[in-house]
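There are structures below to look over.
Paired with chain B in one complex and with chain C in the other, chain A is shared by the two complexes that follow.
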Partner chain A sequence: MLYFEKKENISNKSKLIISLVSLLIGIFFGGIAIAVVGINPFAVYKSLFTNAFGSWYSFSETLVAATPLLLITSGLILVFRMSVWNIGAYGQYIMGAIFSSYFAIFMPPDLSKPLMLSLMFFGGLLGGALWALIPAVLKVFWEVNEVISTLLLNYIALYVLKFLMYGSWRNPTSYGFPLSKPFPESAQLPIIFQHTRVSLGFVFALLAVIAVWFVISKTKFGYEIKVIGNNPTTAKYAGISVGKNIITAMMISGALAGLAGMVQVSGIIHFLQIKLNANYGYTSIIVAWVSYLNPFLSFMSSILFGGLESGGYSIQISMRVSYGIVGLIESIALFSIVGAQIFLNYRLRWKK
Partner chain B sequence: MKDVHHAAILVILLSNAVKAGTILLYPTIGEIFAERAGVLNLGVEGMMIIGAFFGFIVAHVSHNPYLGFLAGVLAGGLVSLIHAFISITLRGNQIVSGLALTIFGAGFTTFYGQKWINMNLDTAFHTFNIPILSKIPIIGAILFNQDIIVYISYILTFVMWFVLFKTSVGINLRAVGENAKASNAMGISVYKVRYLWTFFGGIMAGAGGAYLTIGYAPFWLDGITAGRGWIAIALVIFAMWDPIKAIFGAYLFGSINALQFQLQAAGTTIPSAILNMLPYLVTFIVIVISSIIVKARHIQPPKELGIPYSREEK
Partner chain C sequence: MKKVFSYLLVAVVLLFGSYASNAADGKIKAAFLLVGPHNDGGWSQSHNDGRLYLQKHVPYVETAYSETVPEGAPCEKIIRDYIHKGYNVIFGTSFGFMDSMYNVAKDYPNVIFEHCSGYKTRKNMGTYFGRMYQADYLSGLVAGMMTKSNYIGFVAPFPIPEVIREINSFTIGAREVNPKVEVHVIWTNSWFNPVKERSAANTFIANKADIIASGCDSPASIEGAKKAGVYAIGYDRDNHDKFPKTILTSRIWHWGVFYTKAIEEIKNKTWKPTPYWGGLKDGIISLGKFGNTVPKKVKDYVLKRQQEIIDGKFKVFAGPIYDNKGKLRVKKGDELSDQDKLSMQWFVKGVVGTVPNK
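For the complex of A and B:
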């Protein structure tokens, strides 16, 4: 019969191949799903690809979507490497957006641009970090399962946002729509490529991924993360403070998600509203996993998934294909990568 | 006269609380069994919305709520097999596979659900009185003037409690969740047991979802389960992996749901964002308190929860 035999060495090449094959499996099943509703999947994918990578402008829109993915994924890599399951980037992103918007909405608009943007930058980091601190402390001191606590905090954050948007933060001249007043020019992140929406936030994302790579491979904190991820009990005996590391990593992860929220409101939307694309928080979990928690693979995955998100958004209008297709493709790719783990760790053998 | 009026409102409120609680009770019991067998399935939200979707469509097309319910149950069971295959056969990470299932359910129903949005059902489960029991003052009107799905949930809860703690089936499944290797040595097929109870978890999540769109809110909306699957997973901890305790958790949340509804209908001045936040906030507080209790009383979750089993490794 067929059985699995444990493999010792796993090459980066096989990881990359499995990542790409998983994405293709997602695209294949997504194609079937599209064909079932009577639309030609090849036409849909052609349009999706063109809308994601076909021109400089479409590619710049892919970068716009890749920016929050990369920021959030960088933080998730740290916590996931410790086997701490922060599923709360969605809520941390919203909190980052709320905290940074506070300055844009309530500070005098004639504040100098560097000062305003700095306040918003740190506001975003702080909002996300605080929202991640709650589940971190609960986990470390009372063993509250972080998957459930972070998830519930996502819903709570969404309703905090709704509360503000239907309450005191709503622009009195928005005709009842749940929008804040528009951000002053001083609260808008500068655009780095002319005639696109790619803002300084993209640079933040690049710096974040490099910083995370550095932390993982060059610092004591990175080493401790690795030990804790392998076995928390061993880590404890080796004199590593597991709780402190969990709290630190969670706060960094939350801060980066919060920064992604700040980049979205300050760089893209230019006001606060209920629809902030916080779903990037969930997509980033997929990106992190598809990248095998490797910062450089995560850079490539962020761009691929950014393309899927922005292309998927466009085909909604041009081909009348529901945006749900993106979730379908992403989830099937995620199933594949998780299922394929066994082919990395084991070799299929035949025994009589 | 006024007291009678208040009592009547209370009866309606609590009767709705039982209905809303039933949506959670089924998935919670299902997840208790999957976890007891060692399989953590965080895809409850995904299985529920798939069950809700197929339940709604079949009920809509066939004009038969019972057929719809069966379709939802079956659909929930079928998608749970994806998680079973990945986490049991392929020994993949159960947390990530479960999350993928949740994202899959949301994506699938958004993709295929577009044309069903805001459609209503023209059919409903029949409500009927249980003789004698329904005559009990107040309680009778709340608990024994319901539909068949609610009655099944009462019976099922006690039957499953009995199965879990008083039968060899229950002993075996708990053994598999506590120590798979030893169970295998005792001649229990670990894979078979885990597949079976993961599938059971899927059926139950499908049932909860189908009851939502057929029995409680008979229309289709994108994302209609709205996190109830996650609340069910939290209730498993609240119930400390015991089906009987799950009843209390489910009805507590059912009450919050029903109260929310009633207050909104009565035109309360409490902002709706706060009202809608309530179920999640209360779950959050409850989960923190029950985790502290679980820790203080040294109640252990199934020891090998979330750990894949492989027959080859010694």
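For the complex of A and C:
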């Protein structure tokens, strides 16, 4: 009879090998699915790869897509490490975009660029942090399950955005389309590589990764997070204030998701609209998981998923396949990565 | 391990790190952005028909299209992709692509942008549209003469000038021949949403409407009309053969006329970023086939008016025109200027509905 046996020690090497092998398995099954549709899977993968990493332009677009993933994932790593499940990055991202857009839309456009961008920067952080504070407080004081509350707050955030876009924030000259006024030059994040769309937001993302790595490995707060994640009761007996830590970590996580929203409106879209690509909030959950809550692995996973997204738009053009194919590859790859996690903690044994 | 991976990444980038060439080898490469599926049976398909017409009639052009392009950031990404693949003419066929095109046009002064139905232009970005209101008016004549309940339903996408103009000219036509007609409006707030379009049509039919017109991109409302046994006015493409008993007539786009003109001008280096606004005379729009039940008397009246419009003897928006709140908008003897037509935000008398407040 086959059975699973729990492993004692899991080395970093086996983590990497298992995730790479499972990724390959995912790609293999994705290929079968593409072949079933009647398209040559090798051509699709080759095209996907060159369109994601094949030239400086494609790679820059991959970075553009990776930026919000990196920011959100860094925050999620903190809370996930203490086994607090923030599913609300989607809503926190939207709130960050709304708070920062407020300044771009309603402040005098001739405000100096550093001042305007700082207002928007802190607006983004604040919007996301406040939106994450609600479920954190509910959890700490009334033991409301944060999975449900963060998820439901996502819908509320979306409706707040719709309310504004169909209401007072709509541009009077947009002929009824739910778009805000275009942001003035002073509210647009500077581009760091010429002729690309990679903005200063990418630097924010890199700093966030480093900061989170520092927090979890070098600070007392990081240590307490780890203890709470392992066993909240032990943490309490050890004199750690669980509630305070949960609230702090949730607010940091929300703030980083909010910053991702700010980077998107200020660096890419240049106005506020209903379609903000807030789905990054959900993709980031997956990115955090496949990187085993490790900040540096999350950097690579973000680039990988960013490439999948930006390459996905492009293979529509070069391969004439629908964007749905990309969703298919992505989901099959995820399924196998997540499914393979069992082999990380258990090994398969045969008993007569 | 981490290091190895990042080295690999850098190596890959360097290996493939060549810029896609922007120079076209004498060939013009034109990309089309469609807001809906290329075979939506309406708006996007009419543009794709135009693309195929262009491809067939102009030998030195190569075309490609992307369908269901989302408005906003992804649209900008798709345009940039085309340019990096060497495309040097971009046709954007939806109002919502305007800001994305406008942004990208700034970065690529050597690429020519043509945007359908918008108002922003640059040195390398022009706009194009058609005087569809002429065909809307003619189809209104047909509807006015054919209705018995005097209740006509108009399924409308967005309260933007383009759509308001459509409803107004249609109503002017209908009430010219039948002053008792009322045109009722439902907004779907979407270009392509067959489910909403169909349910709007059903709402009208439940309220005794016997003719359904639509400004949306799919023929769903026509199917609703067919099922209920009432008439419909087609839009975008001639779907007469599919619904011979339902469609009275259609308002049709012939985008190929503009696309060939623009590409020829680009080839001859005479292209300028003009706002193009052709009408019945230019052939960019026309009326479709009449339905089997339309009597000769009606057809003759409509065709006579059509000729008068082509000859410049008849103007659709000639005064006096009152809006639906009773205010005089165009004085007797005057005609609404093109500028006012393009920014229309009010309904003429006879339309039941409101333009949502800003």
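As a working rule, the second predicted complex is superposed on the first by the 331 of 352 C-alpha atoms of A that agree within 3 Å, B and C clash if a C-alpha of one lies under 4 Å from a C-alpha of the other, contacts with A are read in each partner's own complex, and residues count from 1 in each chain.
Simple rule for what comes next: contacts are C-beta pairs under 8 Å (C-beta built on N, C-alpha and C of every residue); 3 or more make two chains touch, one makes a residue touch a chain.
Predicted, not measured: the structure shown is a model, and the values here were computed from it.
Visitor: Scan A:G327 for contacts with chain B and chain C and give back first, second, both or neither.
Guide: A:G327 sits against chain B, while chain C stays out of touch.
Visitor: Between chain B (first) and chain C (second), which does A:E146 come into contact with in this model arrangement: first, second, both, or neither?
Guide: A:E146 sits against neither chain B nor chain C.
Visitor: Should A:Y282 be classified as contacting the first partner (chain B), the second (chain C), both, or neither?
Guide: A:Y282: touches chain B, not chain C.
Visitor: Looking at A:E224 after the superposition, I want to know if it touches chain B, chain C, both of them or none. Which is it: first, second, both, neither?
Guide: Neither partner.
Visitor: Looking at A:H270 after the superposition, I want to know if it touches chain B, chain C, both of them or none. Which is it: first, second, both, neither?
Guide: After superposing on A, A:H270 lies in contact with chain C but is clear of chain B.
Visitor: Go through the superposed model and pick first if A:S314 touches only chain B, second if only chain C, both, or neither.
Guide: second
Visitor: Please write out, lowest number first, the residues of chain A touched by both chain B and chain C across the two complexes.
Guide: 323
Visitor: Which chain B residues qualify as touching chain A in the complex?
Guide: 42, 82, 85-86, 90-93, 95-97, 99-101, 103-104, 106-114, 227, 230, 233-234, 237, 271-274, 276-277, 280-281, 283-284, 287-288, 291-292, 294-295, 310-313
Visitor: Would you pull the chain C residues touching chain A in the complex into a rising list?
Guide: 1-2, 5, 9, 12-13, 16-20, 64, 66, 68, 70-74, 76-78, 80-82, 84-85, 95-96, 99, 103, 107, 158-161, 356, 358
Visitor: Would you tell me which residues of chain A are touching chain B in their complex?
Guide: Per the touch definition, chain A meets chain B at residues 3-6, 33, 37, 85, 87, 138, 142-145, 147-149, 151-153, 155-156, 159-160, 162-163, 166-167, 282, 285-286, 289, 322-332, 334-335, 338-342.
Visitor: Over in the complex, which chain A residues touch chain C? Could you list them?
Guide: 12-13, 16, 50-51, 53-59, 61, 64, 170, 172, 175-177, 179, 182, 195, 197, 264, 268-271, 273, 275, 277, 296, 300, 303, 310, 313-314, 316-318, 323
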